[in-house]
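Given below, in the form of structure tokens, are the structures.
Two complexes come next, and they have one chain in common, subunit A, joined by subunit B in the first and subunit C in the second.
So, the complex of A and B:
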């Protein structure tokens, strides 16, 4: 196993198309790190530069404290799982698994074994060792009964397992995964995610994983790297990225459904408390949640308030004069345990996610009052999109339901 | 009913087409089994041919092979050996070099790849006759005239048409297969041998069959570069049945020998037919 360091890593195509911009990242030995972002954000290019499949324009990649910019992929001690599995179609599963090991054999010559007895013994031992590793990897992934089959005779999930097995059997310093689950159906994807997580826990191997699916990133990663337009937006544990996004992009990208964003202004209320004003609606904010040094000039600066759908609670309005903002439910999506409500609120569509038990009475077309959990709202500068600094975690009043 | 009639019409048309195609072969077979007089009359138009000879002269076949060249039996043996050597080496050379160059054009990024590819395509427009004399002078300066080398060596420098075919086919093999093999530790040459060539079987079948048929039947090349009897290939050795004035005396023997030389081509086509048709269809759809 090994650590990986990226220093000011950049990739430019054709002189001016800069797809990766000065990425700095340290991946610890045995860490499972996920690069996530929308299409074209540079995550796959970054991974391919680590693999050596893409030339590095600027910066360095180090694996196990060795700069590998000029090192061929085969000499980087890495294994890669591709999006389309990249199984060799003319080889069966056993041959696919042993393909990488075959290359590293010392006693290759079949002919020399005919007259050199010692060579023949070494050759047999080496071949047996390869088959041992292949069978062990196959057992780990539950594909030991498929070893004689051709790739075309396998289902998508089985092919995926073989692709992972091909990496596993090599016992590399670093595993690289390029959107390996994106061709699987939702059910199988969930199952494979769990298996990958277990595999990582068993091997304690360094793994770099690329996906555009933030749910996949959240469920797999020790740390997530969120990227946009070739720039790293935030690096942190799934909990950090979710609860303390550094900018509006990260806040909107991580989480399903995405965070609700409301444009407005800040004002001081009596007693030093902060209020958020938007379309004649006033929301009182807990003053100790934000670092006072990062707050913009109150009253002058446009800010965006972000609130996760699960922090909104709609209740049917029984009369008039509700103290909380009210809106109309325009659509309901029920998922069994939870339901999403699309609510038209002062010219804005916001989504609220509520457990099915708590919202049985709310129907499409109902007028609802929205209760906002103000202890978990986020504020972003409307111009730069940067988060307005939260106070240190210990001082924050965030509570999880 | 209409459908049955249409099907019957289709089959009739196909059978007629097949019969027209087989007519020259039938003519050769019948003439090869006739007596010298009747065969001569058939060629000069003085006498017609029956559907099958009244008394087939099967001994014409060993006689034809014995009479090929100036020394009995030796001429046929030499010509057969030369044809086999030239054809096999040219097939191996063409498949090896064309697939290798096609792989490079399809998957290896290097400076000048596109202009080089266009130049290579441009050579397809040159008729063989244009380069015949310059090539003859070149090979003469190497001292290769009256040896098999001018027929064999150029095959190891690729064939523009097959390079183009390989390049189109390899371009459809997912890039990730090559990248996976690179990560697995293989060099480009090893990837070509272990991954690309096995996946290119349909194109290789086309390349091998076409090359085999062309080289086996090639008359012009051996005629220009080979002068002595012991270097002749079968196509040139057949010429020994013509007299010094270019006339045909033993047309029955010529037809018998020609039929024998056709056998390897027919056998090869039949054995590689499945791969061959698959390759042609693939080329038609995706190429």
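So, the complex of A and C:
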């Protein structure tokens, strides 16, 4: 097991296309780190630089406190699981699993054993050890009954297990996963996620995992690294990233359905409290949540208010004139336990997620009043996108451009 | 802007292409129409000849003669065909005869007279000559004025030449002898060959010149006619009174042949090839390093006249007739003007033959220096014996004619071919002991004489029945296809769509049926027939399985050709695949300008076959060829000499030489491999590199398994192609020496177009199909062990 350090890691293609920009990241021994972001954000390139499949333009990668920039992939003590499984199609599962170990044998010669008895003994022990490790890995992943099969005879999920097994059997210091679940159907993906989590618990190995699926990231990670345009936006535990996004991008990217964003202005209300103004609607903000010193100029400065769908609750109204904003329900998606309401609110479409018990009466076309849980709203600078004046001491590390 | 330009260019190109196609149709169409509608009431005669070494000049002389003839005979029109060399001429003649439309008047070499007469292709001329004599025609031919041997060459009574009816008027002829290098003779301190020199003097001169540094004594070609000329000079021959009475094993004949063999193979420097690995052929004389070259006829003179004078770096040369052995002897090689037995205008054709063989035209042709007029007076005139040009000894040719004999051949052309290839093995390459070569010749000729194909009791081919069966098949096919198509309940729209589809595909379907299905069916029928290919199909006999019996049980040359082809395939297929794959790996590199490299590597594959074959003949030339000049310096320190690829080392190196040459055409295979390489997902290499596989291990564990479906495809294609090798061998070696480069298809061609055994050739073609099919099935059967079809998918 080992830690991984990225120092000012950059990747440049053809002189000016910078796909990874000065990434700094410390991955602790035994930690499960997920790199997440939209396609083209540089997460895969970062992973491939750790693996040694991609040359490093600037900065360093260290594994177990050793800079490995110039070390070949096979000597980095890593194992990688690919999106397309990358199983050797002509080898059966057993051979696929043992391929890496076979390459690392000490007693390789087929012929020396013919006259060298000691060599022969070592060779047999070594081969038995390989088979032992293969079978152990296969049992761990529940593929021990498939060892004689060819990859073409396996289902997608089974192939993925073999791909993981191929990494597992090597017992590497660091596991690297490059979108390993994206070729599986949703149901299987969920199951495999749980298994990976369990596997990590059992092995306590360092794992670096790349995905574009924030849900996957949230469910797997010890810590999440959100990336965009080659730049790390936020690093933190799933809870931190979810509840304290450092900027508008992270806030919008993490969470389903995405956070509702409303553009408006701040004003001082009576009693020193703050209010958010937007289209004649006024939302009072709880005063204790923001550090007044870090607030931008109240008044003309454009500010975005973010509110997660589950913090909105619609209630059917009979008349008008209420202080709460009202809108019309234009679509309803019911998931059983919860339901999503798309509400047209003065030229803006917002989503509210409510438990089914709480809003069974609301129908499409109803006029609803929105109750906003003001204790959990987020404010962002509309121009820079940065979060405004978080009062709580930030646990997250933020890297800016 | 650019889109409009592209559209404009596209429109212009379309118009241009349409115009070219239209123009081609119009010109060809009007040519035929003009011929058909011509308001020309003149009778048309078709004349066919070759020009070979005579080239453009001979072509022009014949053309001029024909125009003169037309002027003198206003009621006649002459159309002339000249396919080029003698080989193309005979092929063309054969197809014209098979189509029932032979030329009226054409060249025939005297060696083909028995075969042509037996096949009934030639009209006897005695009646026409006699009629001329009766009516005292002014330009009638007086055969007494001709050299007698030349006339005898065209007389054939069904068994022997020189007797019976006359089938051609000899237009010119040659006797044979040796061309000698005056400078080398002087340097070796030798006297010029005397008029009646002997073989002992010949070999003494050759040995003396062979001792000069860098020189070889003589080039002695072992063509069957020349070997017979050599034997005749000792009063011997390969046959007795008939071709059933072979004399090749006669101790005297064997001793004479053995003497020739030992000159070549036991002495170094006396004769070319053999111990002194110098290529053979008339052109080695041009190098100035060979003292004597022959036996050749007059035909080499035009090319030898181009040898520069000693002042310009060349040498002086002259001619000496064939040396004498026990007797003074020489042979006559001659070509006639003959008339087709199918000619619709024999009287007019005869007038033309009379004119073309007349003294005036003989004198005109004699100026080319290629041959001797057959009319004595013309031969002795200045037209032939030009004192201003070499050789000085023109008289030598004429003197030799006085005691020259004809070299006759049996009607079956295989006699000469068999004798030739066995003599090659016994004398030229020496890869068989002489006695064994001779025994093989006798065995093969006997097998040929007793072939089931020589049966006289074959019924005619039941063409009528076969046509009915074929028509029935076609009808059943059409009905079945219609039923199948109608089977599904189609909507109206689909049906009309389908109809349009078939309409648009119909040119191809019709073309396919006419030019592929029909010939394939015909060749299948012919595989069970005996058909000479020079008469319409109606003349074919039903041979049953006789063709296959002969092939499998008796034909040693068939076995030899199969072995040579397999030998070639065993080398060419793996070597081609390995090299193409290596090249593809190189071409797969991500380099600047890699496209240029790819184009360069592919380029040889687009070059045409015959031109490339000629080029490679130079490359493989044993004496100063590109390849041997390059490898000899590497071999010399090891005490080796570069092989004489198509000479004495042909048994081992002949087929591999062609395999080497086939690598020239690997571009297409390389492209397919390249496409395959680019399909391999990079993750596999990445996974392997993380797993610790070296580059070499990645090639074996990723590249090869992933390419295996493509390897399968390429191997099968290469195998099929390797069994079809023809053009290169046809152009470069003609199958020689012996049968050592006679590949299957080349032998098939020999049978069909040189031995006039079309049925036999068809049987060979179908047997080839079965062989290739069998090998392909074999490979496909083993393929599930080593082909990973999922390599194509990801």
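Remarks
Simple rule for what comes next: the second predicted complex is superposed on the first by the 392 of 401 C-alpha atoms of A that agree within 3 Å, B and C clash if a C-alpha of one lies under 4 Å from a C-alpha of the other, contacts with A are read in each partner's own complex, and residues count from 1 in each chain.
By definition in this document, contacts are C-beta pairs under 8 Å (C-beta built on N, C-alpha and C of every residue); 3 or more make two chains touch, one makes a residue touch a chain.
No experiment lies behind these values; they were computed from the predicted model shown.
In the overlay built on the shared chain, the residue A:344 is in contact with neither subunit B nor subunit C.
In the superposition on chain A, A:84 makes contact with both subunit B and subunit C.
Once the two complexes are laid over each other on the shared chain, residue contacts for A:237 go to neither subunit B nor subunit C. Shared-chain residue A:74: touches subunit B and subunit C both. In the superposition on chain A, contact of A:364 is made with neither subunit B nor subunit C.
In the superposition on chain A, A:60 makes contact with neither subunit B nor subunit C. Once the two complexes are overlaid on the shared chain, A:99 sits against subunit B and subunit C alike.
Note: residues 51-53, 72-74, 78-80, 82-84, 86, 88-90, 99-100, 103-104, 166, 170 of subunit A belong to the subunit B contact set and to the subunit C contact set alike, using the contact criterion stated above. Only residues 51-53, 72-74, 78-80, 82-84, 86, 88-90, 99-100, 103-104, 166, 170 of subunit A touch subunit B when the two sit together in their complex. On subunit C, the positions that touch subunit A within their shared complex are 681, 683-684, 686-693, 697, 701-702, 705-706, 708, 788, 790-791, 794. Here subunit A touches subunit C in the complex through residues 51-53, 72-74, 78-80, 82-84, 86, 88-91, 99-100, 103-104, 151-152, 166, 170, going by the rule given at the top. On the side of subunit B, the complex with subunit A involves touching residues 174, 176-177, 179-186, 190, 195, 198-199.
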